[in-house]
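Each of the two complexes below includes chain A, the first together with chain B, the second together with chain C.
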Partner chain A sequence: MSGNPLDKRYAVLGAMLIAPTVLVFCAVIVYPLVSALYLSLFTIFTPTLRGSFVGLGNYAYLVNSPEFWRSLWNTLLWTICTLALQIVFGVAAALMLHQNIVFRSLARSLILFPYFVSTVVAVLVWRWLFNDLYGVMNHLMLMAGLIKMPLDWLGSMPNAMISIILVGAWKYFPFVVIAVLARLQTIPDALYEAAKIDGAGAWSRFVDITLPQLRDVLVVVVLLRAIWDFKEFDLIYLLTGGGPIIATQTLPLMVYKDAFGLNDMGRASAVAVSMMLVMLSFMVLYLKLAGRDERESQR
Partner chain B sequence: MSKTISQPGHGVSRRAVLAGMGAAGSMAAAGTMPTPAEAQTVTLRWWSPQTAPAQREAYNFQIQTFEAANPGVKVNFEATSDEGYPAQMAAAFASGQVPNVVTHLPSFAVSSYWQNGLLEPFNDVINMIGPQNFFEGANRIYEVAPGQYAGTGIGGSAANMMWLRTDLMREAGLTTPRTWDQLRAACQRLQRAPVFGAPLPYARNSMTSLIFISFVHGAGGSIFTPDLQVNVDNDAFRNALEFYKSMREFCPPGATNYSWGDSLTAFVSGATATGIYTGRVLANVTQQNPRIADFVTCQPYPTISTSVPHWTFNDFPSVMIPKGAPNLDITKRFAAHLFRADGYIRQLHAAPGHVLPVLKTVYESAAYQENALIKKYAADVQIMSQQASAGHNLGWETVRHKPNTKAGQIIASHVFAEAVQRYVGANEPMAQVVSGVARRLDELMRA
Partner chain C sequence: MADVLFQKVRKAFGSAVAVKSLDLAIGSGEFVSLLGPSGCGKTTTLRMLAGLEFPTEGEIRIGDRVVNAVPPGQRDIAMVFQSYALYPHMSVAENIAYPLKKRGIGRAERDAKVASVAATLQLGALLDRKPRQLSGGQQQRVALGRALVRDPKVFLLDEPLSNLDAKLRAHMRAELIELHRKLGKTFIYVTHDQLEAMTMSDRVAVMHEGDLQQFGAPMQVYEKPANLFVAGFIGSPAMNLLAGVLEPSGSGLAFVRQGLRLAVGDGGQAGQKVTLGVRPEDIALGSGPFVATVRIVEPTGHETIVIADIGGQSAIVRVQPDTAYAVGSETPFAVRTSRLHAFDSVTGARLDLAFALPAS
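Right, the complex of A and B next:
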């Protein structure tokens, strides 16, 4: 078997054909990952990249660091809340845009606007809207008599966390719209017609037909958006900078502060590796649960 | 058998063509295939966080005159920011892709980078500019060893000047406050909807940290002892926190998120009766709110009592050359060119009073003094110049202090801004806040 020259040539050819993929994978996945793990074992002054080996010292520091645990909590809170709103708004908007409404094409285009606009521009607009002296939000609420003094949207808690969650939901819900709308268009009308004949109301049709049909796409959307939201940096950094104190500081902001503010690349790498492990744990758990649900629904 | 691409008179194999294309591509990618333009052009990169449109125009003039005098040299300006420069500089040093010249970063950044071997010596540039042209002692903060300079100042700044509205003061029958009590009383009288008393920042950023440091000095204290031991567990530090807290009721609700731009805009727009900023107020008021332009003036920020002298925060905007910057000779010439009178004066006039000259020859020149704003606000500019020349920052708290090369990291850690937020916003006990600051400062100094 091993002596067959044709098999050998095929084996070599196979290795050669797969080699580019393996090389690219190593360059863009394995190397950065191993680098991050390696760096996290050192204390490193960022500008010079010189440092000394500390073993698991950085991880021990993080375990005992209230800042790390608070940042992790903030990251989870932000991810879960903004993701939940994205899904709710995204599915609702997709259902609306799936109906025969006037200017449907225009509405479908416009609803994507927040997703396409640059984060910096979006944040500038929102900071302007939230401004205590000239912001539209405070102005309208003052005019309506809802408040007597302008609200501090970004500088006090819980307002700051609520604000970033809302802006995050606004910015990224169009991604859900795109995915869900595409799936909605492939659900056979016959299912709805049959349900109507059986006397199902609108809510029943949504719960018993639409949602199960959307299940697969929502699993993927939730997975992707959870990953992206978990490592969101620019939107939060530009809106609150992690403040007040560290009330909205998420792990990516902590990585940035450690790496470039405090010039400690080793500790920043340890935070980044911890972040990856947390994310990985949640993803494995999520996929297991999603897989179990699917198996149960198929029984 | 290889096919050939037929051309009149030539027969070239496809393999040869592909090989040639591959080789050409490789050479181009490796940068070994010079084009006529590249062969002659030297490109310099200039970084600065001072990027207001008028300043950019002045920079463009300086770049054009340098390029005209040095054919084949091209200068690219790249913006950084007061909050973002540590990250950008760290990334540049780590990657080896450093800019040629960096301007307007605070002096303590120069000390820190020099200490870590990240800067080129700057003596040659100072000699090109002419050491005798500088104000006495202007380069002292950059003298890292006797006779050895790590950079130089491109200007001075008086960052915590108190700005006042004379019209509102007159209406309220107030005189210029000298002490914190008087300032509080004035703010109380001046605060009438929709005008707030002051635009102090309470955010988690460098401005809050820098303003708080100035309050500690305004209370007669310092963050470190002259030999750089942590010195925050004392009355001066506590009084500074108390004062900061007591001013909260006179500041807009959104001050918890204010940075330099927000604070400036609050005063310039007329939303607050007092301000705290550099001389940039003059240009902004004139351009953006001329209605109040005749009614603004500045004074050094009050202190806890008349016996405590004013302490002005001067970040000593610097010029430095990162280690490893390519084309060092031309880079040094460009750094010196930034001080050539015609361009330097344009740069200073771009924001009169904001960046103050370090060259006495320029300050005394008619060309500098001929600016409409400098003439109109001559008394204010003079006060700011005096304050800036006697100014200090966390990297050099007083003349008795050793240079603190950890100042940049301390500011970036937000330890002071967080202390303000903990005490003012979160109402944490004073003792807890002070001990927390002491512990973190100690960690940062030992790191």
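Right, the complex of A and C next:
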């Protein structure tokens, strides 16, 4: 930079404009992060927040804890399955809503409904639908002859896992619809017309034009939804509470149980930190893959 | 034999009629321009031929086949879009190869054809690039390449030069003419730019408000415009249109308006309202029986445009740049009577009248 006094004043102004963001970032991100790392090195009784230093003891315990590995596996299974369903149904619904169908604007608003409904309300409705004594699901499936005996949707495995995955997909696929629909509307019609003239059928036009055009938005959507699904707490907690036993317990539920059920804030922090590490490694891997594709497509 | 035939083709979008009742026969290997202002139906006509719109009524033939219900990919046509419509995620080579790929042509043959088209259009060095890494002119070439590679019966071009700067446009114009000559295929070219239509086409179809106004060779359209619309639309600067009336004069008739009186040889009726069409180059300033007042002088270098007041109406005159005209001065002028056009002011139709300067 030159010695121009105006440049210096702009530099000071710039720093001042960034400062609030940096401060807020430190207060809400850096401090809790550091504090979680710090707490995870102690055995802490939650009600008094007193305890003793145990070093990496909490982590050693987790490595040898089948419950931790089971919860990690549950988290990954839930995240991958529910995310896959969200993407498939989200893209399909967006494609449908992009067509000139009757009641298009009404359908567009209605499809967002699951996303707007509060999780508690949605889960109560689903628990009612899934109920093994008077639930509508069992009633309908019995009537259709699909099952001979009522199913225990939430209290046995693998039904409970399947149920939370389905409800998760139902609740969050509208997010994918919004993002994909917005992108679909910006794809120029001329591309489809050119492809028609070039002899591409409907499926070819989808694969050769729509999907590549959706790539960028899908990268972002997958990234965001993966983070959010990995951290999902309320939906699972309210639907199954992690049960039966710990069959649907994901890492966020384990954090909650350790911190407030077992009153061990230190171990809960260790689980939370491990969660962060898992997520971090997946994000790095994912962004690398996405970035590589992007570079390849730009070459 | 006609390669492309429109028979009583009509296209309506709801209550808006884009093409009224089009009859057009385009010969094999011809370069035809559809020319007209925006909203005249030229693009709709092209899109119906491409299969992107379907005619409300009438029949479209390509070769000896009625194509009304044939999907675009099976019509043996290729189209170049105004926006080029290159597939953004595909390389230049993939873009050009795409129509071949969709027709199940094998890799080796595809590569050979892409290479040959790339050589024709000098795209060889760009084959691995993505469209966004290319300049407008290069993208234009790729779009042409994608059309060429399939060797279709008919090429459709929708204002392909309108996104290029003036210099590149002139260059691409010449290249397209060259290309058409080399391929010998039928080209149908939509444009609102009369310069493009005039310079490139074998025949020009002038359209206005969904109607075909005139279909003929460029010079024919220029020298014998079929009606007032074509007269006013073709030519730059535009033809001067001077409204007047036919009056009895001696044994015959005379065209009379303020500041102008011409003897009419034959044809026409006394009292008929007639619009006289005079091209800017057909007014000779300096001597003659009439008087004009010079309003504006616009030298452009190779010629000078003078805007002069003739009997209360401004008229554009094209003069040699070596004569100076003072703004505000009065100057005598004559018109080249053999090159005048006459139209019925009411119907707009061309009248075949012979004019003569008044005996002085």
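Going forward, the second predicted complex is superposed on the first by the 282 of 299 C-alpha atoms of A that agree within 3 Å, B and C clash if a C-alpha of one lies under 4 Å from a C-alpha of the other, contacts with A are read in each partner's own complex, and residues count from 1 in each chain.
Heads up, the rule we're going with is that a contact is a pair of C-beta atoms (placed from the backbone, for glycine too) under 8 Å apart; a residue touches a chain by one contact, two chains touch by 3 or more.
All figures in this text were calculated on a predicted structure; none of them were measured in a lab.
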Room on chain A for both chain B and chain C (clash or fit): fit
Which of chain B and chain C A:G241 touches, first, second, both or neither: first
Which superposed partner A:D264 touches (first chain B, second chain C, both, neither): first
First, second, both or neither for A:D208, with chain B first and chain C second: second
Contacts of A:G155 with chain B and chain C, given as first, second, both or neither: first
Touching partner for A:P188 - first (chain B), second (chain C), both, neither: second
First (chain B), second (chain C), both or neither touched by A:L33: neither
Partner chain in contact with A:L280 - chain B first, chain C second, else both or neither: neither
Partner chain(s) touched by A:D198 [first = chain B, second = chain C, both, neither]: second
Smallest distance from any CA atom of chain C to any CA atom of chain B, in Å, after fitting: 51
Touching both chain C and chain B, counted on chain A across the two superposed complexes: none
Touching residues on chain C, where the partner in the complex is chain A: 50-52, 71-74, 77-79, 81-83, 85-89, 98-99, 102-103, 128, 130, 146
Of all residues in chain A, those that touch chain C in their complex: 188, 190-191, 193-201, 204, 208-209, 212-213, 215, 297-299
Interface residues, chain A side, partner chain B - complex: 45-49, 130-134, 149-156, 240-246, 256-257, 259-265
Parts of chain B lying in touch with chain A, wherever the complex brings them together: 83, 86-87, 89-91, 93-94, 113, 116-118, 194, 202-205, 252-257, 266, 269, 271, 409, 412-414, 417-418, 421-422, 425-426, 444, 447
